[in-house]
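When the chains are written out, they are named A, B, C and D in that same order, and each has its own residue count from 1.
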């Protein structure tokens, strides 16, 4: 996280607590429909479930976002864009994977174009099971993620920095080339 | 003009497909590859101006690819399927994108998924897949399970020391 | 002497700080009200403070060039400068002769700073957005300049403080020059970049335009910038047409007058902001050339009518405030 | 100014789903557009060849996410054609009901998305909120909100629950009363009148040749609808109209057809027609079995042959070309999605000369559904 601006006044521990408190209450999610789970995003955004109650709003660009929703299966071509988007996001950042497909491939277990496990390529903080997850499940995941952030357990972005070599090695097994 | 009459004029034999649910008749005919363009032009000028789809079928036992050009006429309310057979080894055909522009897209997909070459179509190449490293995936002898195992399951988990699943 | 100066400086800091707080609060209220219009519950009204805190606490590693780093500060500094020139509730921090014209010039500074930074990011979306923002500025300034001209003719001054004085003594601008006030409000909608004129940041078209590359701390500064801009723009309208919210004469009532005037000013900018928000919630956005045409057509005609009215009233009818 | 490149998607709010357009822009005008699909490619057609006829029922709804039911219906019809099955009357009516409910929900979503693309988020919020009432009905009927897996070769999975039709009637009344609000906010909005007409025009004489179907074709002035043209399910017994340009009833006719304006109005009027159809279905719902007696699910013997079935989805003609070699699994299934032409060829062609501000509303009004392009 960001360095403490006033180390003499605020203890480092308190500073981290403040940061967590702030980032859990204002999760900005990136507007990226990677799969069919995106279909349940409009209901979550709109009047019935209204995720803006918790300060979660869609953002147009990865630079501004804290939360990446991988909504469903990930095709190899999408994975490259997901990694791009993820790396453009500013720390701290969190990933929620939707549905059964990013867990183990789900119904596409034998497909030639679907990567089966997402956490081999980017760290995932929260999984929602089901095909497709109901809006209630999505809201529940948001609340759980907030709790995790509060307790300091949602540290996927730290893992990504720490094990960057391994993540990149796995990614490069899927991509032929990184440019373009 | 009714499809049956056009078939007669072209000298083609046709069969009627079974239809349940929908009601309009569907006719299917086999055309020689070199006669196809002429046949499609004939149909197009006689009201069959809606190009529905171009499908490719891999008849691996017969060592053939079947390309099915599907036309529909809003006027006559009839469906026509014109199919050609190409050899499975070095499948090659000419592009018909000048007749209906969307044929170009279908040709690009079939080129990628089956490996059929369409001469004259300059947009063939990477379309849906990216960084593909095997035979075209829709061919019958492509084993998707083996490929998925080889490519995705062999990727190791992230070793975070200590915590093992 | 020194104490005077210190009190003055402290007051300036307080006013600027309050302006930022008000701006952020207004953004939160706008989100809540929009949510209610859309049948939703909406975020708490202090949500924007949390957002700002989070953005400032975020790690920021976006590297383009020094112009890009400098631009948010430039924009924010520009906004603060304008805030210092604008009377808020009758309290004037910096003032000089002919400051209406000066104000017109410095109004462009924050936008230019913003444009500079987004242009430096090299993102084509930002480039398009900046182009649109500058075009939009060109379009709403036409009626706005005419409105200012009619005010200057009618009140016979180019100084904001004198303008406020005369409005307090005689009549508020909106009562004396209602036509011009209408034109100014339409121009204000564009100045605030609310729908139907939120063209520069249109997310569906150019992915939030100039903001596209800003994140973390930069975005936090830009959020402060837009919070300040809200106060600048609404306050500008209030100062020009609603007498700056001055209901009690400070020379008579002293400190109490400043306090009451501040509250009245706050209420008035809130009303102006609400009008903008309600219009924002029920309109789609124009294309940029449509906005341009729109502004050079109806609001300009209305503003010219207002100019004629001001001219006739002051020159032929001899109404002198 | 120099020409520059702009990427709309895959991560972009102005795109329907995970899809990408690569634009070359000169000033504000698009000079060239290229569609890049494949971000959602799952290889459905391959996977279907590996699953039995009945297992496929669970797989196919995932091809088109905003309106999955058409997939089930069209697959069921194709299999029935091969098997030579006549389904019971009640199954036909229940299918019609499900398809029309799906059409309304898809149109509401499109309407909301379109309004969002021109910046009117309020309509989007309302429409998606109202759509949830239909999803609740679906949940009661099928057990799922989005992927219903309800229409089956041979009929439908189970009969209607008690009191379902009464609830449907209630929801229809509610939706009908809500339409007025959409009219006021979007379809009578001055800015909409200025932005939508004559934008994203498909040349009328080319529309059929380019493979434009569904509401987009009707917006060009042709009253072709597969529900009337090649009727299926219970549509022959039902009375409804096909709204098309310039038959817009009480709405103003602006522009010259084939544009965003007529496309959205056709969709708006189709919601009304769907409500009308559903009311008739409620009245006419026959008694009887809801499905045929099905053979052993593990060993369906589907006779060899070719079959093509098509339905009118909310986006256009949706067809399955199913080929059986007499085995336990389909030999080949080709999916003809309506967005295949709308999203790639048509958009690439009509994007030339479009303002970048109008690009997003053009694809939203064409109702491009990315997953059915690449499957």
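Note that in this section contacts are C-beta pairs under 8 Å (C-beta built on N, C-alpha and C of every residue); 3 or more make two chains touch, one makes a residue touch a chain.
Worth saying up front: this structure is predicted, and the values here are computed from it rather than measured.
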**Item:** Starting at chain B, fewest touch steps before arriving at chain C
**Value:** 2
**Fill in**
Taking each chain's centre as the mean of its CA atoms, chain A sits from chain D at a distance in Å of 30
**Prompt:** Can you give the whole-Å distance between the Cα centres of chain A and chain C?
**Reply:** 37
**Fill in**
Cα centroid separation, chain C vs chain D, in Å, comes to 45
**Centre distance in Å when chain A and chain B are each reduced to the mean of their C-alpha atoms** = 39
**Prompt:** Residue numbers in chain D touching 2 or more other chains?
**Reply:** 12-13, 38, 41, 43, 46-47, 50, 125-126, 129
**Request:** Could you check chain B for residues that touch two or more other chains and list them?
**Result:** 129-130, 137, 142, 144-145
**Request:** Any chance you could list the residues of chain A touching two or more other chains?
**Result:** 31, 46-47, 60-62, 77, 110-114
**Complete:** Chains touch one another in the pairs A-B, A-C, A-D, B-D, C-D
**Request:** Flag every residue of chain B that touches chain A in the complex, lowest number first.
**Result:** 129-131, 133-134, 137, 142, 144-145, 147-148, 151-153, 155-160
**Complete:** Contacts from chain B onto chain D in the complex sit at residues 17-24, 26, 28, 49-53, 55-58, 68, 70, 74, 77, 79, 81, 100-102, 104-106, 113, 127-130, 137-138, 140, 142, 144-145
**Request:** Spell out the residues on chain D that touch chain A in their complex, using ranges where they run on.
**Result:** 10-13, 17-18, 38-43, 46-47, 50, 58-59, 62, 65-66, 109, 112, 124-126, 128-129, 131-132, 135, 145-147, 371
**Message:** So in the complex, the part of chain C that touches chain D is made up of which residues?
**Reply:** 34, 37-40, 124-125, 127-128, 195-196, 198-199, 202-207, 281-290
**chain B-touching residues of chain D, taken from the complex the two chains share** = 37-38, 41, 43, 45-47, 49-50, 76-78, 80-87, 208-211, 213, 222, 224, 229-233, 236, 305-310, 317, 319, 321, 323, 331-332, 334, 336, 340-341, 344-345, 349, 374
